[in-house]
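Listed next: structures, encoded as structure tokens.
Next come two complexes, and both contain chain A; in the first it sits with chain B, in the second with chain C.
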Partner chain A sequence: MTEFEAVIGMEVHAELLTASKMFCGCPTTFGAAPNTQVCPVCLGLPGSLPVPNRRAVEFVARTALALHCEISPRSIFYRKNYYYPDLPKGYQVSQYGDDPIGRNGYIEIVVGGQTRRIGIRRCHLEEDTGKLFHVSPQTSEVDYNRSGVALMEIVSEPDLRSAEEAREYLVQLRAILTYLGVCDGKMEQGSLRCEPNISVRPKGSAAFGTKTELKNLNSFRAVSRGIEYEIERQVAVIRAGGQVTQETWRWDETRQVTAPMRSKEFEQEYRYFPDPDLVPMVFTPDWVQTQQESLPELPRQKQLRFQEQYGLPAYDAQILTETRALADYFEAAAARHADAKAVSNWVMGELLGRLNAASLDISESKVTPEGLAGLLDLVANGTISGKIAKDVFEEMFVSGKAPEAIVQEKGLTQISDEGALATTLDAIIAANPKEWEALKGGKEQLTKFFVGQVMRATKGRANPQLVNDLLKQRLAS
Partner chain B sequence: MAELHTLTAHELADQMRRGAVSAREIAEATLARIAAVDERVKSFVTVTPEAALAQAREVDERRARGEALPPLAGIPIALKDNLCTRGVRTTCASKILDNWEPPYDATVVARLRAQHAVFVGKTNLDEFAMGSSTENSGLFVTHNPWDLSRVPGGSSGGSAAAVAAREATLALGSDTGGSIRQPAAFCGVVGLKPTYGRVSRYGLVAFASSLDQIGPMARDVTDAALLLQAISGSDPSDATSAPVAVPDYMQALRPEVKGLKLGVPREFFAQGVAPEVEAAVRAAVDRLVALGAEAEEVSMPHIDYAFPAFYIIAPAEASSNLARYDGVRYGLREPASDPTTMMERTRDAGFGAEVKQRIMLGTFTLSAGYYDAYYLKALKVRTLVKQDFDRAFERFDLLVAPVTPTVAFAIGERANDPLQMKLADVCTVPVNLAGGPAIAVPCGFHAGLPIGLQLMAKPFAEETLLRAAYTYEQATDWHLRAPAL
Partner chain C sequence: MRITSEYVGQIGRLSRLALTDAEKERLTTHLNAILAHFERLQELDTTQVPPTAHSIPMENVFRDDTPRPGLTPAEATAAAPESAEDMFVGPRIVET
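And then the complex of A and B:
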């Protein structure tokens, strides 16, 4: 049977973290009452004129540089004309043609141990639309708070070959955006939206298949699942002798399937033309160089440094650098506790696990990097056992107390007093003569039983190494 | 003393300074004049007597306190009804705006308010400034004060008629392809289109954004300079306004044209220009030469293509600028069961025939497949036209031409001949494409109807325009004639 491969290109819209909108001074705060963040400009009132937000232009140029793009020396705003009630001017100010702010860049991703470069076709600036709500069959309402919010569009080349690669591309892109501080990357709130276009072709074929566009992917999970589903669907269509049609499909989160939205048989006529209300953006080489030099350390650079400096595996480095906040957290803890791998294990395991379960961001963690380092110190110097450490962590996570204080308060210090542990062990041996005989007879699995009984009797505080040693002594005698 | 409504702004300012007259008296005289003649002229869409009297009262209070007031304090000004005025309806003479009241002032309006000018009302225009006779107004037709059976020109026909009929001392118009100069010429007043970017467009309801420019209309050059001074200068709300310092235009008002080089482009005289118009304009050139200027014929080979290029570019921009009138947020709404049908019905009911025609034309030329052949080519022609001007201004300080090929035509005469109608702008359109300033000043009469002289200058050379126009005006008395109403 023919094997198929997927060809995926990503179109990502990132809402910029500017305090005001793209062409007016209105605030961009999320969740304000409808139509309270509007003015003549973003309502498109007659006579109003747009004035570009310099910060937004700078954000896009910096992102383009971080994506290894060329910066167009002269970049133009175009009008994209179409009618929709959420579009107050009857056109959207966007960019078009061969002079977006950035073009011809790439992102490096690592999937399955393979490093791949995914091409970036363009990186440009545009404005968001309002939001239309159908409140009843007779009534629709429009909220223009989002109208005119600065959006960055990043379009990749169709270089991605699997849902996993697409997800990793998005993870890396989001990391870059959050590192630069240009977007908060919150997919669930819609500040980062991705619309992949997907086609399949027989493996080895150079020609592209017919692509579909996928919308409504509001989480990384939805991105993976949606793309996987769409690839399988297309392969099934072709295997059944059918043809994929060029359409937009929508990911249905509750049913976990894709469903067709509208046919794209004829291209919509947008009548793009340069916006005469706006003057070209001119980027001088000096300005571009200044921006380039002031870029922060980016996720990929940080990953490589983490591997080098802390001796971490690539996998750890990748996860720890997904957000700047997480990377900073790790580095702060690693600066206080010498065993970087142990820090990495605890951050990736306990900390991220608990944060995800509680839907919290790293910035909301009550466990500080100092606290985590302190906890690991207590384990390393034998004050508490690894098992107790997990309980202490849980308490830290909930209350935010320092680990030393918790250990003190609850008397969790490890029992390393040989005499006390020997007494406990002997009592347990006396109470379980059958098991003891079996162990002596060579049933070594019972070692665990006796150590476990001691741990239970000491509420986990017994030094497990010491208990093991005592047990061996008694078996040998 | 002459009746107050007949005086110019600088004369009124003098009288007020001397304490001979109050702002209230001026406002009352102007409002009385409107009440007396506007039924026949129909310059105004909206008259705002209460607001005008309140502004005048404030001026008098400040005068009583001994405050030094700006030059336009207390001067009655009419505003073309495509300029946004806070709380005062702004119609663009279109049914689609349906008594819309802007929540904000256009920058020019705010600047005049800061000067304590007195706004007497909003004037009629061709719907969305698309037209050359004010017959395309969606509300009513304005009449030429010199002959009420004739058009005042357009699209700033209401402003031109108001100034000519002494219903306002000054007025603001907007000029996209001649909409200030052409009605100024038809009505025998002074009209100035500033350099693109000289005056903020913020609050001017857009027709064609790359061409639109607000400018003064007045009874003499001094008044035009006063009003230009008040509205000029860059504006942070308009990205296309130019960061160029504004000179003191009053300094330009001196009778001095010695050595001034005038180019007379022959293409401007070839396009159906009536003999009486050509004669009057050439006589004006001779007069300027007699006053010390030098004149020479020049050819601007691409001028003939300016008109068709304009009729690609302006409708293209308009088709996009007018997309916002969809019944969703303000203005007219024709109810329907779904948003798309509602938008279609609203636009069908709200726009007049001329506006619809231009929207369709612009929609067509911007469409994929036609864009290169029409819009892009028109932009290239625009560049060539601009180069013609640049070259001419290497040799000349000013270019001289008629404003219009004929004097004002009769109402209804060209209603069924859209090309003839549009050809009224054939001499004014080129400089809009090039971006420089131009002025229309009265230079004669034919059969009792005014003829206009057009002077064009390179970008930001308004001072040269004003100086030459002022010199000519001081040597003639065309501007002193008034229509009998």
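And then the complex of A and C:
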């Protein structure tokens, strides 16, 4: 049977974190009461004139540079004309053609140990639409608070080959946007939206199959599942002798399937033309240089540095750099505790595990980097065992207390008193003569039994190394 | 290029205009006359002229990212044909 491969391109829209809208001074606060953040410009009232937001332009240029794009020396705004109630002017101000702010860049992603470069075709600036609410069978209501909010569009080349790669692309892109502070990356709130174009073709074929566009992917999980489902659907259509038709499909989160949206009766004709109300933007090499120099360390650079500086595996580095806050947390803890791999293990394991289970962000963690480093110090210097450390961590997570205080309060310090442990061990040997004879007879797996019994008798506080040593001494005598 | 009545219908639909057959015929004639004029203009050799998007020689006009109050919901919806509870109300349109 013919093997198929998927060809995926991603179109991502990111709402920019500007305080005011793209072409007017209306505020952009999320969740404000309907139509409280509107003015004649974003309502498209006659006679109003737009003036672009300087910061939004800088945000897009900085993103473009972080995506290794070239900056167009001259970039203009176009009108994209279509009629829909969420678009009060009857056109969306967007960019078109070969002069978007940024073009021809790439993102590096690592999937299955392979590093791949995914091309970025364009990175441009436009404006968001209003929001429609369908409240009755006859009417729709419109809130224009979002109308005119600065929106960045990032279009990739069709370089992605699986749902996993598409997801990773989005993870990396989101990380870049949040590192730059240009977008909050909240998919569930719609401030980061992604619309993949998906087609399939026989493996090895150079030609592209017919693509469909997928909408309504509101989480990373939906992105993975939706794309996987759509790939399988297209392969099934072709295997059954059918043809994929070019149309838009919608991911149905409740039913976990894709469903076709009403196919457009006419090919949309947007009649793009340069917006006469908005003058061209000209970017000098000096200005571009200033933007370039303002870029912070980006996720990919940080990943490579974490591998180099802390000797971490690529996997750890990738997880720890997904958000700037998490990376900062790790570095703060690693600065206080020498064993960086131990810090990484605890951050990725216990900390992220508990945060996820409690739906908390790293910024809300009661366990501070100092606290975590202190806990690991206690394990490293033998004050507590690794097992007890997990209990202490749990207590820290809930109460936010310092590890030393918890260990003190609960009397959890490790018992490293040889005399005390010897007494306990001897009592256990006396109580289990059969097992002791078997161990002496060479049944080595019983070592674990005796160590375990001592741990139990001391509520996990015995120093396991010392118990092992004592056991060996007694076997040798 | 010749514009057909079907094409006028299609543009009308994209513009959400319900055109009658008589209107389509009339517009077809008008639009073709306009295009004929542009065909005359196209006889000019403009290969040496850069495309002009704007007639005024200005660039980089920006404003600072400073929010300022706009209209109240009542003012915003004042001219709307229909509104309810600070929302604009129109015929139901769902892109499904």
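Here, the second predicted complex is superposed on the first by the 469 of 477 C-alpha atoms of A that agree within 3 Å, B and C clash if a C-alpha of one lies under 4 Å from a C-alpha of the other, contacts with A are read in each partner's own complex, and residues count from 1 in each chain.
Going forward, a contact is a pair of C-beta atoms (placed from the backbone, for glycine too) under 8 Å apart; a residue touches a chain by one contact, two chains touch by 3 or more.
In this text, all values refer to a predicted model and were calculated from it rather than measured experimentally.
Of the two partner chains, neither chain B nor chain C is touched by A:251.
Look at A:329: by the touch rule set out above, it reaches neither chain B nor chain C. In the superposed pair of complexes, A:79 makes contact with chain B only, with no contact to chain C.
In the superposed model, A:310 lies in contact with neither chain B nor chain C.
When both complexes are overlaid on chain A, the residue A:55 reaches chain C alone and has no touch with chain B. By the document's definition of touching, neither partner reaches A:346: not chain B, not chain C. By the touch criterion defined above, A:44 reaches chain B but does not reach chain C. In the superposition on chain A, A:4 contacts neither chain B nor chain C. Note on chain A: of its two partners chain C and chain B, the one contacting more of its residues is C. When the two complexes are laid over each other on chain A, chain A has residues 40, 43, 45, 51-52, 83, 85, 138, 140, 142, 269, 276, 279 in contact with both chain B and chain C. Residue ranges of chain C in contact with chain A, taken from their complex: 10-11, 13-16, 53-56, 58-68, 70-73, 76-77, 79, 84-96. Within the complex, the chain B residues that touch chain A are 82-84, 90, 92, 97, 100, 102-104, 106, 201-206, 208-210, 236-240, 316-317, 319-320, 322-324, 326, 328-330, 337, 339-340, 343, 363, 366-368, 371, 375. Partner chain C is touched in their complex by these residues of chain A: 18-20, 24-28, 33-40, 42-43, 45, 51-57, 74, 76, 82-85, 132-134, 136-144, 261-262, 265-266, 268-269, 274, 276, 279-282. Against chain B, the residues of chain A that register as touching in their complex are 40, 43-52, 79, 81, 83, 85, 88-91, 138, 140, 142, 267, 269, 271-273, 276-279.
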